[in-house]
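Presented sequentially are two complexes of chain A, the first with chain B as partner and the second with chain C.
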Partner chain A sequence: MTLVKEAPVRPAKKRPAAPVAGRRGRLRENLAGYLFMSPWIAGFLLLTAGPMIASLYYAFTSYNLFTPPKWVGLDNFTTMFQDPRWQKSVEVTLKYVVVATPLKLLLALGVALLLAQKRRGQALYRAAFYMPSLIGASVSVGFVWRALFSDDAVVDRAQKIFGVDVGGWIGNPDYVLYALVALSVWQFGAPMVIFLAGLKQVPQELYEAAEMDGAGPLRRFWNITLPMISPVLFFNVLLESIHAFQVFGSAYVVSDTRCGPADATLVYTCYLYQKGFKEAQMGFASAMAWTLVVAVALVTAVLFWSQKKWVHYEEAAK
Partner chain B sequence: MGTSRNVERRTILKAAGATAATLGLAATTGCGGDSGTSADGTVTIRYAWWGGEPRTIAIKKSIALFEKKYPKIKIKPEFTDYEAFWEKFQTQASGGNPPDVFQNAVGFLRKYDKRGVLMDLKAQADAGNLKLDNFRNGVLANGQVDGKQIGIPVGANTMALVIDQKAFKKAGVEAKPGWTWTEYFAALQTIQDKLKIAGDTGYFGIMYLYDLYLRQNGKAFFTETGLGFAEDDVTQWWEDGYKRVKSGLVADPKKIEQAKPKSGLSAGLAASEFTWDNFSIRYEGEGDSDYGLAPIPTTDGKNTGQYLGSLMLSAFSGTKHPKEVAQFIDFMVHDPEVGKIMGYDRGILATTEQYDAFKPADAQNKGVAAYEDQVAKAGVLGKITPHPSGADVIEAAFLRIGAEVAQGKTKPADAAKALFSEAKAAFAG
Partner chain C sequence: MSTATTRVARSANERRRTGSLAWHVGALLVLAVVLYPVVWVVGASFKPSKDIIASLDLLPAKPVWANFSGLADGISGISVASFFTNSLMYAVLAVAGVVLSSSLTAYAFAKIRFAGRNLLFTLMIGTLLLPYHVLLIPQYVLFRNLGYIDTLVPLVVGKFLATEAFFVFLMVQFMRGLPRELDEAAKLDGCGHLRTYWSIVLPLSRPAIITSAIFAFINAWNDFMGPLIYLNTPSKYTVSLGLMMFRDQEGISDYGSMIAMSLVALVPVIAFFMAFQRHLIDGMATSGLKG
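Let's look at the complex of A and B:
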């Protein structure tokens, strides 16, 4: 990934030369740096890089955790692509990403626009909207969601007022995924905060000038706000889609650990987990994991490529 | 972990800051977690089980009794629910660090025997540390695989039909011994006509019930190495099931799903449900009707296909304290006091000592005992069919695919095909 053009950064002021002159000084400084980093480096090597390399190897083996892994070449990948449940998990995940990400970002942007205006109790509102993101990942929220969207529960009763009767979302394979989407959208706080920061960066003169030229609020949003915050928007799109690809906890809890009913919430990671930890097919699970890594990398690459067309950086505007 | 650790630790303790680090190191370098022998000769063994809170309370009481009787043996309990238990166990066992003693079931015997995790307890029995006598109704055989005794039953249970007695009475239907499937489904129809509720919560997704049906027809769900039925058999089973969901004889699977963790029966979604007889105790607490046990429908008016299943205790083949492990298992399955504490939580008590010691006082436990007595007297009990390695994966697949059929998401024929292809992979693993 080559992100050379970063979000607007002010040119750093020239600082006087560092007091510790000479090679030895620099060496000592570097050493200190590495020393401070060492917990992180050790953690990275032991907990991230090591397992990743091991999993890359397992992806080409048949490994049931008990007998030593047996090299099978690309077998895991060929069986995976032909596996109807794997196909289903890809389908479910894509559906989730495509629906949940834009909805979440839309809501985040909408609320950020409202909260960017100066009003009394602003801090309170911001905190209130951000709160769900803090507790969102917890298992208990999954249970709460299950309770909210079940048959004859709050959501179901509210729907019935409007004459819609689907009998609860949780047990219905056609709806249950949208309960997960709702859970994700509800946690829009993190992208909202980033949008807020972006909105603050937009120079007020631009709005004033546009207003003088007779541009209405919609026009101003479309021609000023959106282009000006497009780097932030890009960042959020990128982060949120990567997150969405990795959804697991909510699907696992809401569907009572089975990622169903009828595999309706069988998101990619859920199937991966089942294969690895329930069926003890670690080779297959590793192959799935690496396929996900590659897929997410591809999506990221496409997004980076597309940013040329819609992301505006300050230097280009000048 | 060596015996010298205590001495070392005492000196190190002075440097308080270092203690935490040492303990952390000890935990990572020690091979058996906390299982070990301490300086005064006290042995610690780990015991793991799955189950609800009442079981955990009862087992902890039993452990306290054991530790009083054997002061040199300490038991370290580990417990979770069923799903989490086997996920955790698999990881622990593959890392060579499973609990010394653990609860087990027939679906996992061959799987973990094949992987060398289970201890053959015969040697310990020969050494006099564990008694293999006094097991009721030949239930000890449930823990045997290829001539090895790798599980010791703690209880016996059999499949039953749990009925909402009020609903059955109101509809005027009676569940009688020897009734046929046709009569059962006719009863469901009557219940639906008269009470406007479904009769059954979803019989066709239960692997153990389908096993009984197959056994009534001279087959079985499992052979020693694979499946004991054909794709056509299960296609038919699911087609009939789906038809009954559509017609409302069987409860809407969407509602059943949402009632969880409550059962469909106690949630009032249907009037009957097939399950293991010892599970029936939960319904009274969950629902507001009266529940009772009824006989399994038959094909020929006689043979129910039933057998006594059981939960067992198994031991890790690599335990450092085989003698103490055997003594503990012996205590847990034979001690009358333990029988009194445990009751029928894990099925009817497996040994005569415990069975005689526990006299159920409440209607549910009495009902379970009476039911198993009745089944044993009817002479319908067969031998348990062996479960090959991979059976646990197939049970989960059967439940899942059955649910897809019920939801109308998969056609029965495709579902059967999927089950067979998943079974092939599971047996190979």
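Let's look at the complex of A and C:
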């Protein structure tokens, strides 16, 4: 069980002498390799590396698509940091990441633990729990969410039973972000499946031995399950938080196309979209995009750094 | 577990049965909450517009067809079928592009030993973590300069160039698991890489190919940001954008046809999912793990 970071190309095992050995053979292998992956190389240069360089350049320019970019140095960044709407978008995004990611992973782990027990119909349950992950990104579900969380709809009425009346989450700036959180948490299927795969790899002997020693279920979970699945936990935390930083569609569809009443769901990418594609401030939007890249890189770096303290790989456990 | 049952067969059996019952009750409860929105949309699509928000019933008191028949009129002179045709075209091209380009690239990573392979593989994995938004603006400028705005080209060209690392990674993981003896035997028999790829590795990789194809289809079908940015003539809109038109032009009052179209738009995804769920879920699990 290895994670993305540690999935190196398999080290060369001893293999029978290759039919075409020597310099020419190697040259031919190199050529074949590059030919086969030429689509990816072209895509990487044209659609990834090239655009990255271009957007780095745009970030230091004033560019409205119609006149050539004009170099402005750090102006975009200084304007951005002082822009109250930008600050608001950072606040909204951080709130979303910090609330949605742990809730989603908690639910994913909980259901995975439930499904890890061998029961009848297990595959059927697993499939049903996974379904929201596939449809959740669609505009259709965005509309369903709008309907469920609007004034006097299902969620609102359920709350009224407990004497709470907020007039629907969608129109209420204090609540609308949590409707998006709920939509994200609802799509817990992908991390759940990865947790399940991890749980299957935990050796049963460990549990049997712990049970003999008189360890209760909580203790077994804490001392065996959690350390053994820490690599998949790490993988899920990494991917889910990075995805959460980039949320866009649900904010645009569920709240409304301006991203919420009083900017309540103005997630980072929604502001980026408004700046770039509504106001044609491509330079400013590029500066925003690079700031996002730096933020995501920082989070990734911190997570990788922290994994030494809490992620146990099999090699270390042996 | 087998020793436990023989030792204290009766009480263990009993305990297991009540445990199993509790398990199913628990699982079904969670499932009911999770699937509620899906069932709700089915029921709501048969309710009269005014009841959709107001009525708490999951199923309509008296089912009506008006929401669906209303769809036939289309919106702003554009038929609903046109949105579906556009989405279908996008999805089919996306599937063809992803399967072709990702399998070729994956074959190179998994089966050919060439210089710089590790470095390129790391770069490819790195793109998995890169926020897509940093590419959005320069790509838009690029396609605009090339004159491809309002066409499907910007949406699908990346699929033919293996830019989605998830699919390449999925296939690499799978191809590495294929017995090495097979392609070595092919080589001894004088097969070149193209032949080995086409007649041996590709057919054996069917599970990974099917998984990628389904995911590519569903991703394209659900895609919202891409069409939002690149398409601007309503007759070229995909289902996602068509849905937004319904909402923006009919106003909140006509929930009925909006919900009906939402349901219709979900049908292909749910159908694919039902048919291939095992593949999808296993593919999802193996792409995250496995060394």
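Quick note on the criterion: the second predicted complex is superposed on the first by the 299 of 318 C-alpha atoms of A that agree within 3 Å, B and C clash if a C-alpha of one lies under 4 Å from a C-alpha of the other, contacts with A are read in each partner's own complex, and residues count from 1 in each chain.
The rule is simple: a contact is a pair of C-beta atoms (placed from the backbone, for glycine too) under 8 Å apart; a residue touches a chain by one contact, two chains touch by 3 or more.
Nothing here was measured: the structure is a model prediction, and the numbers come from that model.
**Q** Taking the superposition on A as described, I'd like to know which of chain B and chain C A:277 touches: first, second, both or neither.
**A** Both partners, chain B and chain C.
**Q** Using the touch criterion from the header, give the chain among chain B and chain C with more contacted residues in chain A.
**A** Counted on chain A, the partner with more touching residues turns out to be C.
**Q** Is A:34 in contact with chain B, with chain C, with both, or with neither (first, second, both, neither)?
**A** second
**Q** Of the partners chain B and chain C, which touch A:249 in the superposed model: first, second, both, neither?
**A** Second partner only, chain C.
**Q** Tell me the contact category for A:48 with respect to chain B and chain C: first, second, both or neither.
**A** After superposition on chain A, A:48 lies in contact with chain C alone.
**Q** Pick one for A:127: touches chain B only (first), chain C only (second), both, or neither.
**A** second
**Q** Can A:258 be said to touch chain B (first), chain C (second), both, or neither?
**A** So A:258 only meets chain B here.
**Q** With both complexes overlaid on chain A, does A:65 touch chain B (first), chain C (second), both or neither?
**A** both
**Q** With the two structures laid over each other on chain A, which partner does A:88 touch: chain B (first), chain C (second), both, or neither?
**A** In the superposition, A:88 touches no partner, neither chain B nor chain C.
**Q** Please indicate which partner A:173 is in contact with in the superposed arrangement: first for chain B, second for chain C, both, or neither.
**A** A:173: touches chain B, not chain C.
**Q** Quick check on my understanding: which residues of chain A belong to both its chain B contact set and its chain C contact set?
**A** In the superposed arrangement, which is not itself an observed complex, chain A uses residues 65, 150-151, 257, 277 for both chain B and chain C.
**Q** Note which residues of chain C are touching chain A in the complex, please.
**A** Touch residues, chain C against chain A: 20, 23-24, 26-27, 30-31, 34-35, 37-38, 40-41, 44, 52-54, 56, 100-101, 104-105, 107-109, 112-115, 117-118, 120-121, 123-125, 127-142, 144, 157-158, 160-163, 168-169, 173, 176, 180, 184, 187-188, 192-193, 197, 218, 221-222, 224-225, 228-229, 239-240, 243-244, 247-248, 255, 258-259, 261-263, 265-266, 269-270, 273, 277-278, 280-281, 284-286, 288-291.
**Q** Per the contact definition, I'd like the list of chain B residues that touch chain A in the complex.
**A** 83, 86-87, 90-91, 93-94, 115-117, 252-261, 393, 396, 400, 403-404, 407, 409-410, 418, 425-426, 429
**Q** Under the touch definition given earlier, write down the residues of chain A that touch chain B in their complex.
**A** Per the stated touch rule, the residues are 64-67, 84, 150-151, 167-168, 170-173, 256-258, 260-264, 277-281.
**Q** Chain C touches which residues of chain A in the complex?
**A** 1-10, 12, 15-16, 18-19, 29-34, 36-37, 39-44, 46-48, 50-52, 54-55, 58, 65, 111, 114-115, 117, 119-121, 123, 125-132, 134-135, 137-141, 143-145, 147-148, 150-154, 157, 186, 190, 193-194, 196-198, 201, 232, 235, 238, 242, 245-246, 248-249, 252-253, 257, 269, 272-273, 276-277, 282, 285-286, 289-290, 292-293, 296, 300
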